[in-house]
Structures are given as structure tokens and as C-alpha cells.
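Below are structures written as C-alpha cells.
You will see subunit A twice below: alongside subunit B first, and alongside subunit C after that.
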Partner chain A sequence: MAVFLQSLISGILIGGVYALIGIGLTLIFGVMRVINFAHGDILMVGMYLTYMIFTLLGIDPFVSVLITFPLMFLFGGFLQKVFINRVLDALAQNQILLTIGLGLIMSNTVMLIFTSDYKILSTSYSSATIKVGGGVSVSTPLLISFLITAAITAALYWFLLKTDTGQAIRATAQDRDAAQLMGINVKRMSIIAFGLGSALAGTAGALISPTYYIFPQVGSVFTLKAFVITVLGGMGSVVGATLGGVLIGITESMSAVYISSGWKDVVVFVLFLLVLLFKPSGLMGKSRT
Partner chain B sequence: MRKHLLALGATLVLTPCLMAQKIGVINSMSGPEAPIGENITNGIKLAEEDLKKKGVNLQLVWEDDTGKPQISMSAMEKLATRENVVGVVGPYTSACSNAVAKLAEKYKVPLLIPAAAKEEITRQGLAHVFRMNAPADKYASSLIDAAASLGKPKTIAFIYENTDFGTSTSKTAKDYVATKGIQVVADVSYPKGSADYRSTLAQIKSKNPDLVFMVSYVADAILLMRQSREVGLQPQAFLGAGAGFTTVEFAKERAISDNVISCTQWTDDVNWPGAKDFGARYKAKFGKEPTYHAACAYASMIIMAETAKASGGDRTKTRAALKSGKWNGVMGEVKFADYDGFTNQNNHQMLVQQIIAGKYETVLPAQFATKKAIYPFPKWK
Partner chain C sequence: MNKSILKSAFGILLLVGLLLIPRYVESPYALHMMILLFLSVAQGQSWNILGGYAGQHSVGHAAYFGVGAYTTMMLMHSKNIVPWVGVWAGVAAVIVVALIIGSICFRLRGPYFVLASIAVAEIMRLSAINLTTLTNGAEGILATELPAFKIGATVVTDFVTKVPFYYIGLFLVLLTIGVTYWVQHSKLGYFFQAIREDQDAAHSLGINIALYKNIALVISAVLTSLAGSFYGIYVGFVDPPTVLGLDVSVQIMLICIIGGMGTLWGPVLGSLILVPLSEALRSNMVTDLLVKIGLVNAESKIGIFLKENLSHAHVLLYGILVVLVILFMPDGLMGFVKKLALRRKREAV
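For the complex of A and B:
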């Protein structure tokens, strides 16, 4: 029982961070119909930013989210304005090539600056735990990052549902042309959406850096994960991405215990395929025909 | 005219001696294996310098395999056919080395593998494939022997990454513990790069093993130990086989790395000729402590280059000279022998070490020991 609870709890906590990554990707896709294959690399940039803020300024990784979030927002907005904006009407494969290229440039630039050495961010609480009882313990940094994730997700929901800008973003996601006809500045919405998506990815990077490790190629792991989460939840659905993230976290954790660690990715992808087979638009997705 | 002819004649006569020995290097210089690949690169660079001082003119052709076997293979084809190298030193990982070994045999290019652990590589009877480091079975047997000599372990849990290196090391370890009467209570492989091992470790904890045997590369080693502490996994000893448990980065994480027992191919405090000096010069030049990979790569390049020169740059002669030669240097005595089903395998002496107060200290075998081993593993703070 302790093992079951332990894996359920770690699954949910890790899933929260996955959700954050997925939401960023789904937001970008929803508004621009561009699949951002540089998403993991943006997360990696967020990790290095956190690492630098921690080592140079001595600011705690969780506090530094306050700095990372706006900086990554600007970075994302810049990427959209200078690069992505030019291919919005291009063929899907050209958009994919562009984002993959941007990702490669990011990871290789970081490699030139920081070398390919693994960076480990060691805080006083990096391996601290809270004992819950019954032999179950919760990792303190993971718990904190889950709480921050939950807060950010809640704030994002509020932003998308209640504010004018949020509604404009959703309108653009629903129908770009109609939104434009209604007087919404879709170009600005695109910049905001990409900025938000990048900020969320960067924040996810900041949140996992105290418990994970940092290296220039770390992004590829997360790009794939974000992609699975987004498609599983339904492309463009924020609720779906949240659900998908937590679901994948739990699936990984559970299958590692009850099937085999080596097979956990297989279980995740089988689940992914099953969802696609029976509900091709994803858990929360609406088909667009 | 006569002068010109004379000059031409002189060049023709002198060329074979002056001609640079063209040797290929395949290494993981970028990609996830790059942090260890860098040690190999630096070791070879130091060897290149030393060879120059000794008058061995070397022309190295560098190939980056990014840690992927298919890229490693195309690099080998290029080196063998287009670059026409005398021999090749590398690649780093077991998966790449195993893929390249068969090509080396096909093109009849002597290949000296510095630091890949998978046993099978030198167990296929390939005449052109030589290996400097001790293969995976030595990691396992020397660690388990060490634990058995320090205490009386009855049960063991295995956790390893599902790569060539991980599975082959733990497989031989499982075979070995069977002969020692130690019972395997958990056997878990994981895909590398996972963020969360807590559930797996909690499962292992519930089996309460005496020994925990781990096989990982750099970053996962730190993660595994951190999360072991989180879930309160408390065996008599943590045994870390190779790569990730023998890096400076790992030792620096004192809260979780102290008292972990690992084994290595090389340390700079061992009394093999030139080992101390190599360590000091490496540190002065690159500003980092060398890992065993650096020493393996250094020794491999020295042997390959000197043999190639003595054989006048001929592949067949170089192969024969590698086979019959005997060296003594930073890696101790080196001889490529056939034994226990291995071909051209250097029967290398492994050193068992423990991290004590943030430093790697050799604890076994006794003639090389710098400190006494701490056993059992102290309670987590």
C-alpha cells in the first residue's frame, strides 16, 4: 500500500510540472496552429536562466520564477515577432522546420556558452522530504513546485476566462479570421500567446531544476513529452493539457512500479495511441470539421 | 637540376620516417555523453603533446558520433576508406563501440577501444578489435567481492539504465551473485533521463535489500542517490558500477554521495608509472580532475601511435604489433590477451573506491588502498 501511495503521489506531483509544459504548447498551438518543436529547448533556456540567477545572484530557484517568467515571456514574444510570425501562413512542414531549427540554435548556443557539462543545482532542500506517515514521504522541492504550478494554472484560467485579453486569445484560437473581423488584434494575440507559452515552459524549467539536472540537450525529452500531453488532452485545450500532464505523470509512476521502469515509456505511448484510436481529437478536444 | 633531384631523393627517403601517423578518433564530443567524452578528448590531446615530444609525428582525424551508434558507424567507414587511417582510437559508449567493432574487422583497421564496458565487444573473436579497459564483468565482480569481504550481505537489489552498458553490467553481476549465494530481491531497469525514480526506489525499499547495486551515467547517479535519500532507502552498502558514480560532480554532492562504494579503472593515487604525473599535468592543463576515461584514452593513444609508427603506418603490421606487444604506463601493465572467451582484451586490475568526506579513496585491493572502508552505510541524516 505504501508503495502504491508513494508512486501515486510522486506521479501527481511530477504530472503537475508536465501539465505546465503541456499548457504552454497547447496555448501556442491553439492560437497559431503552429506546433512548437522548440518547446523543450525554451524550457532548457529557462533552466539555465534559473541556474545563472541561482549561482550569480544567489536567488532561490523558486523565488527566481518571478524573474524567469517575465524574461521568458519577452523571449517568447521576440521569437514570435521575428521568426514564427513570418511562417504563420506557410506549409505545416515549413513551420515545423523553423521551430526545430530555432531549437537547435538554442541548444547549441547554450552548449557553446556553458559547455555540455551537466549542471546540478543543489539547494539546501534538494533532497529534503516531508514524512506523511505509513512509510510514504513527499519530496519538499517537488511539493513546492507542484503548489506553484497549481497557482500559475489557476491564474492562467482566470486570465483566459475573465480578462478581455484572455477572451481575445480564446477567440483567436477558436477562429482566427472571425476574431480579426471582430476587431481583435490577432497579431498581438499571437505574440502574447507565444510569450505566455514560453514563459510557462521557462517556469516549468525553473521548477524542475532543483530536482533534475541541466544540460543543453535536456529539451528533447520534454518536447516529446509536451507533444504527447497536448495531443492526448486535445490540441489547443488548456483543460485537456492539464489533465493530460497529470495523467502521464501518474501513468509513468505507476507503470514503473507495477510493470517495469524500462517499459514505462511504452505504457505511456500505448495509452496515447489508445486515446487517439478511440477519441482522435484527444480527451478534451473538439474535432474541427 | 642535380640539387633538385637530390632534394627529391632526400624527401623520398625521409618521408616514411617524417610522415605523420594518421590516426582516427571517434568520440562522443557532443550529445548527452559529451561530459565524459570531453575527458577522452582531453586525454588524447595530452597524449598527442607527449608523443610530439617523443618525436612521434601524429595527424589525428577527429570524428564526433554524438553518442549514436549509426553516426559512429559512418564515421568509421569514412576513416577506413576515405581518410585511410592506420588505426582508430574510440568510440566511447558500449553501444557505439559494439557497432563500430564489426566495421573495423570488415575494413581490417586496428581499433583500440579505450573505455567501453560491454563484454561482448571483445568476445566475438574480432582480430582487429582491442580493448584497454576492463569489461563489465570486472565491475560487477570486484564490487561484489568488496562488499562480501566487508560484511555478510544476503540480499541484493539491482537498478540500472536500460542501455547496453546498464543491462550487460547488471546481467554479469546477477550471474556473479548467484555463485556467491546472495539472493536477488529486486531487478529494475529504467530508461535514462527520467525525472522521477521515487516509485521504483520505494518499491526496492519495501524489499529491504542488504546491497543496492546501481549502474548509471553521470546525472542519473545523482538523481538516484538523492531520491534514495528521500524515500529512506537504507541498505548496508550502495554499490555504484562505473560511469556516473566515479565523477567529480558526483563526489561534490556530499550530502548524498558520501560512503557510496564504486569501482574504477584508474585513479591518480595508484602507483602505476606516470599516473600521478598524468593527473597533475591534466589538472594543470584543463583545470579539472581527470576521470578514468581520460587515462584510458591517453594510454590507448600512446600505444596506438607508437605501434603505428614502429610498423611504418601499415595496418596489418600495426595489428600484429598490438597483439604481441606489452606496455607499462599510466594504466599499469597493458597486454592484449585472449582469455575466458575474450580476444585482444587487456586484463586490467580494477580499483574499488569509496567516497569519504567528498573525496574518492581507494579502499581495495589492499596494496593500493589509501583509506579503510566504511561499512555498513551510515544512517541517512
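For the complex of A and C:
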């Protein structure tokens, strides 16, 4: 029972970070109908940014989120304005290829600058744990990152539901043309959406940097995970991505314990294929048109 | 009429030239480059049939490449089965895999299909890492000792030099181009293109979408598997990232994107650009050139940095090329050239 509880809790904690990655991707897809294959690489840039801030300025990774978030927002806005914006009306495969290309450029530029060595960002609490009782303990950095994730997700929900800009973004996601007719600047909304998506991915990168190896190719794993999460939750659904993230986190940690850690990703992908086959609209998605 | 005679004469001349090269060129490096080029053309052509003609943009072709390579290598390594038999075992395995993948993925369209194809390839890669008893896991399979190829008692070749590989590669190129040409000019090919252009319209005309998509997939997968087996035998080593990684899938697709999807010569053009460029970066030719021109001092910090790192950066070049091609010539180089020619024609009139 303790083992079950233990893996459930760590699954939920890592799932929080996954949710952040998934929400970013789903936001971009919702507003622009572009599947961002560079999402994991944006996350990787966030990791390196955090690493740089930590080694050069000595700022704790959880504090430096305050710097990473706006910087990654600008980076995402730049990507949207210069590249993505030009292919909004292009064929789906061209959009996919463009983002794959951008991802390759990011990971390889980072590799040129930092070499492909594994970097470790070790803080005083990197391997610290907190005992909860009943033989269950929680990793301190994971717990902190989960709390920050929860705060960011709450703020994001508030932003999307209550503010004018947030409502305009949701309107654009619902119907781009209608939104434009209502006087919404859809181009700006796209830039904000891509910026937000990138900022969320970058933040997720910052939050996991104390517990993960940092290397240029780390992104592709997260790109794939982000897809699984968003498809599971329903493409374009923020609530779905939140749920999907936590579900994938739990699935991973459970299958690591009860099957084997080598096969946990296979379990996730098989789950992904099953969702695609039997409920392609996802948990929260509306049926595809 | 005249034009077509000219075309076939040129084709025959080119073929004779390619057949004669190993007679006059002895440098193993030059032959190695040609073999890489052949492999790339074969990969691109194979993808082209599914992606270019049938319009199903698979980003999971590493699955077929890797399964072909692994099957041949595994049989040779552990069961001592000669590769030219193992190749066909690879083909059989790939057909099974392709039909499973097809029955799952072809229910999905557009981006969903792309995602599913990636997921399947990833499952293959992770399985190759985890099924250590079969695949030797992350260490990969090393098998450089090739048995001599005999017909009866006469030894045809003992695979000591690169020449036999050159001819196998050339054969693969001819085979894939031949199949593509046949697809382009047969009823089957028209069905594929109808599905690519408008799936619903094709369906309403009575084309069995699922069947023809699966046929395109199997043809494409079998050819990719042959290329994979060839790669395995030639290099003598396979491990999960080099034959089953996501990079492999992207690279295979890139050949067509850059050259031009759905055209007979697109993959050839794409390979002619990609292979030499990435080789030039890999072997530090670019850095040497920069030093020679006097742009960069070899002893300076930048020179040393470039020398050490630019060789790993050939993938960066792929990235830049993709972005440029998608933004400025979305139909690939072939499409771009055709457009230019069309414009010139119009101006002439």
C-alpha cells in the first residue's frame, strides 16, 4: 500500500509539470491550429536559461522562474511573429515541418554553445525528501515545483476566464474569423498565445531542471509527452491538458513501479495510440469537425 | 519526340557512367560518399511513395528502416543466417509491422496520423532498447564479418572492398526509382494521388481509401526496410538511436521535402544537396575552407571552437534548410525550378 501511495503521489507531482507543458501546447493549437513540434525544444531552452542564471548569477531555479517566464514569453512571441505567422494558412504538414526545423535549430545551436555534455544543476535540496508518514516520502524539489505549477495554472485559468485578453484568446480559439469580425486583433492574440505557450514550456523546463539531466536533445522526449497529454485531454482544451498531464504522470510512475522503468514510456505511447483509436477527441475535447 | 529521345539517351549515359565509376575510381572515400548518396536516394524515394504520392506524411519511417536493419543484423549475429537471406526476413517482418501500423494509423487523418506514426516508431525504439535478449539493448549489434557471397561454388564477392556495396546501393536506387516511376504511371499511382488531393472526393468515386493507403504504406515500408538492411550490412553496426531514432525519420522525410515531394527526381535532388553538405560539415571541410580563405584563424579561439564543434552541427544545417524551404519554396526545389521554368515560358510568350 505504501508503494502504491508513494508512486501515486510522485505521479501527481510530476504530472503537475506535465500539465504545464501540455497546457502550453494545447493553447497554441487552440488558437492557431498549429501543432508545435518545437515545444520540447522550447522547454529545453528554458532549462538552459535556468542553468545559466543559476551558474552565472547564483539565482535559485525556483526563483529564476520570475526571469525565465517573461524571457520565454518574448522568445515565443518572436518565433510566432517571424516564422509561424507565415504558415498559418499553409498545409498542416508544412506547419509541422517548420516547427520540426525550428526545434532542430534550437537543439543544435544549444549543442554548439554548450556541447552535448550532460549538465546537472545541483541545489542544496536536489535530493532532499520530506516524510509524509505511513512510509511515504516526497521529494522536496518535486513538491516545490508542483506548488509553483499549481499557482501558475490557477493564474492562467484566471487570466483566460476573467480578463479581456484571455477572453479574446478563447474567442480566437473558438472561431478565428468570427473573432476577427468582432474586432479582435487575432494576429496579436496568436502572438500572445504562442508567447504564453512558450513561457509555460520554458517554466516547466526551469521547474524540472533541479531533478533532470540537462542536455540539448532532452526536448524530443517532452515534445512527444506533450502530444500524448494534449491528445489525451482533447486538442485545444486547457482543462483536458491539465487532467491529461496528471494522468500521464500517474501512468508513468505506476508503470515504472509495477512493470519496469524501461517500459514506462512504451506504456504511455500505447495508451496514446489507444486514445487516438477509440476516443480521438480526447477526454475533454469536442468531436472533430 | 526529340526531347524524349534526348532524355533516355542522357539516362542511359548516366547509368553507364555510374556502372563504370568503381572501375576507375579507387578511392574508398569517394565510393563511400557515393554509397551514402545511394542510400539517401533510396530512403527518400521509399518515403516519397507514401508521403509524396499518397499524401500520408509519416514521421515514423525509422520504424521500417530500423526493423529491416535489426532483423537482418540479429539473424546474422545470433543465428549465422547470411544477410542476403536475412534481408527477406526483414522484409517479411516489416510487412507485418506496416500492416499493424496501417490498420491503426490510417483511421486517423492529418496531424493525428503524424502523431500516431511517431508514437509507433518510438515504441519500436524503446522496445529495441528493452528487449535486451533479442537486440542486445542500447549497446547495439556489431557484426562486421560478412560471409562471402557464393553462387554454387564460385565466390561472387567477398565484401572486402566497397565495390560490392556500391553496386548493391546502385541497384537499390534503380529499384526505388523504378518502383516510383511505375507508381507514377499506373492506375495505382492515380489512386494514390487522388487520395492525396482530396480524400473524400476519392472515396465518393469508389476508391477504397484504407486499402490503397495500406498498399502505399507496404510498398514504401518494404523499400525502406531494404535500405535499412543495406545500411546495417554496410556499416556493420546498428543501435537504437542510429536506426530507430526520431532523427532518422525526420532525415528521411527531409530528403523529399528539400528536393520536392511527389516528384520522381525530388529525392535525388534532395540527396545531392543534403549528403555532400552534411559530409562537408562532418569532415570539417567547411572550417578548413574558412581558414583557407583567411576568414578565421585556425589557432584563434573561434577557429578551434569551429573545428571542434561544427562537425556535430550538420543537423543544425538540416534545421535551417527545412525552415528556409518551407518558408520560401514550400514545393521543394523541384517545385521551385518548375515554377521558374513556367514563369520564363509565360514571359517568352
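One rule holds in what follows: the second predicted complex is superposed on the first by the 288 of 289 C-alpha atoms of A that agree within 3 Å, B and C clash if a C-alpha of one lies under 4 Å from a C-alpha of the other, contacts with A are read in each partner's own complex, and residues count from 1 in each chain.
Methods note: contacts are C-beta pairs under 8 Å (C-beta built on N, C-alpha and C of every residue); 3 or more make two chains touch, one makes a residue touch a chain.
In this text, all values refer to a predicted model and were calculated from it rather than measured experimentally.
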Fit or clash between subunit C and subunit B when superposed on subunit A: clash
Which superposed partner A:V132 touches (first subunit B, second subunit C, both, neither): neither
Touched partner set for A:L147, first subunit B, second subunit C, both or neither: neither
First (subunit B), second (subunit C), both or neither touched by A:G11: first
Touching partner for A:P280 - first (subunit B), second (subunit C), both, neither: second
Touched partner set for A:L161, first subunit B, second subunit C, both or neither: neither
Partner chain in contact with A:F227 - subunit B first, subunit C second, else both or neither: second
Touched partner set for A:S116, first subunit B, second subunit C, both or neither: both
Partner chain in contact with A:T211 - subunit B first, subunit C second, else both or neither: first
First (subunit B), second (subunit C), both or neither touched by A:G262: both
Stretch of subunit C, among 114-122, 132-140, 186-194 or 330-338, that runs into subunit B once the two complexes are superposed: 132-140
Doubly contacted subunit A residues - partners subunit C and subunit B: 111, 115-116, 260, 262, 265
Subunit B to subunit A touching residues, read off their complex: 30-32, 34-35, 38, 159, 162, 188-191, 193-200, 202-203, 205-206, 218-219, 222-223, 226-227, 229-232, 249, 253, 255-256
Complex contacts: residues of subunit A adjacent to subunit B: 2-3, 6-7, 10-11, 14, 111, 115-118, 120, 122, 126-129, 135-137, 139, 208, 211-213, 215, 217, 221, 249, 252-254, 256-257, 260-262, 264-265
Subunit C-facing residues of subunit A, complex: 35, 83, 86-87, 90-94, 96-98, 100-105, 107-109, 111-112, 115-116, 220, 224, 227-228, 231, 260, 262-263, 265-266, 269-270, 272-273, 276-277, 280
Residues on subunit C engaged by subunit A in the complex (per definition of touch): 57, 59, 104, 107-108, 110-112, 114-116, 118-120, 122-123, 126-127, 129-130, 246, 250, 253, 257, 309-310, 312-313, 315-316, 318-323, 326-327, 330
